[in-house]
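In order of appearance the chains are A, B, C and D, and numbering begins at 1 in each one.
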Amino acid sequence: MEKPKVLNIHYYAMLREKAGKREEDIESFAATPLELYKDLAGEYGFPSDSRSIRVSINEEFQSMDTALCSGDCVIFIPPVAGG
Amino acid sequence: MFTISDVSIDTDLLTKELINSRAGAFVCFEGRVRNHNDGEEVTSLEYEVYEELALKEALRIVEEAKEKFSVLELAGVHRQGHLVIGDIAVWIGVIAEHRGSAFDACRYMIDEIKHRLPIWKKEHYINKEPKWVQCSEHHGT
Amino acid sequence: MFTISDVSIDTDLLTKELINSRAGAFVCFEGRVRNHNDGEEVTSLEYEVYEELALKEALRIVEEAKEKFSVLELAGVHRQGHLVIGDIAVWIGVIAEHRGSAFDACRYMIDEIKHRLPIWKKEHYINKEPKWVQCSEHHGT
Amino acid sequence: MEKPKVLNIHYYAMLREKAGKREEDIESFAATPLELYKDLAGEYGFPSDSRSIRVSINEEFQSMDTALCSGDCVIFIPPVAGG
């Protein structure tokens, strides 16, 4: 049977507020950031529409369809507003 | 050169560090906290930055600007933390031999920074709950 | 607001005077004396200004910029006299609610000022007689 | 017989250097700034091509074909280079 991946997740801005934490390690069977986001959105009440959410894996922007590996640091990026 | 700062931006120092004797043109942009946005009276702003990725992406933007435009040097700083009206949230400075490329590069930098850096802004209002604003709904400074 | 100055331009003071709490965007341009022009090594520059007409024309340009672009305020200063490498010859500052119009107005101001104000520039070189340069042959900062 | 006009003329930049003075009052029969410029160009060795020369009369830009009046303050403006 497949083993869950251990993922390190950081939260920023509105996601941090909704999750009520800055960071956590979780075990997940999610194959991609998109699947992971949907799980977390269900758990924490993140925006259900993931189309405006981007993802960083190990400090690089990646596609929401990238394969997740155990040990990855995953950070979801809600719409930005610098400046 | 790009940094994320927890403290007030010293534009004078940044300018002095940037200028050299080949530079005929210096263009800078400052984005400041306004007292209003989208019809609401704003009292302060909180900037939250995913620092590692913001710095990587900012340096990419600096390199792109150097490739696209004929400039001598570019620099920028973005604040994080709680800012009040009039505080400088972002500063971009460009030196070039000629003014056209200095203007173009400065504008490119700020446009890309606003859209690409993982930086979030929470607006605090006089009579309303604070709100995380987006680039698209915020019409931009 | 536009002035002709005999002394060093205090950009910090000018910026402070210009900024107000409605301003989200501040764009400024500084034209500085470069150490070279058209392949010649420049040592200094003399600016001569027909002051009365230069001020009138500058205020016309300020009014045009205010009509064309959505800005809150514009200011500028042009030096006269003998300047050395690195000195600021001209400074333009613009505040606006949004950055696009601040950039556009600043660029309009400096482009028009360079072409329309009765200001003349004599370049001094290391190994050559000084020369009055023109906008067209000087490729502009 | 026509009386000459009294004109106050200021010189700037290369014209000041060639004229060797900043200002003078002259009597002239020139009807327009263009005619006046040609007279002065002959006297002081100003650039003979007047096409790049503009003129200010009483502190306003005017056409080189404007009628000159006695008492006018005339300033010729060689090509400029601000900034």
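As a working rule, a contact is a pair of C-beta atoms (placed from the backbone, for glycine too) under 8 Å apart; a residue touches a chain by one contact, two chains touch by 3 or more.
Owing to the predicted nature of the structure, the values given are computational and were not obtained by experimental measurement.
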Separation of mean Cα positions, chain D and chain C [Å, integer]: 27
Chain B and chain C, separation of their C-alpha mean positions in angstrom: 24
Chain centre separation (chain A, chain D; CA means) in Å: 75
Chain B residues counted as touching two or more neighbouring chains: 31, 110, 140-141
Residues within chain D bordering two or more other chains: none
Chain contact graph, described as a line, ring, star, complete graph or other shape: line
Interchain contacts (touch definition) - all pairs: A-B, B-C, C-D
Residues on chain D engaged by chain C in the complex (per definition of touch): 10, 12-14, 16, 56, 59-61, 75, 77-83
Residues of chain C that touch chain B when the two form their complex: 11-12, 15, 19, 21-36, 85-86, 97-100, 102-103, 106-107, 110, 139-141
Parts of chain C lying in touch with chain D, wherever the complex brings them together: 31, 47-48, 50, 52-53, 56-57, 78, 89-90, 110, 113-122, 132-136, 138, 140-141
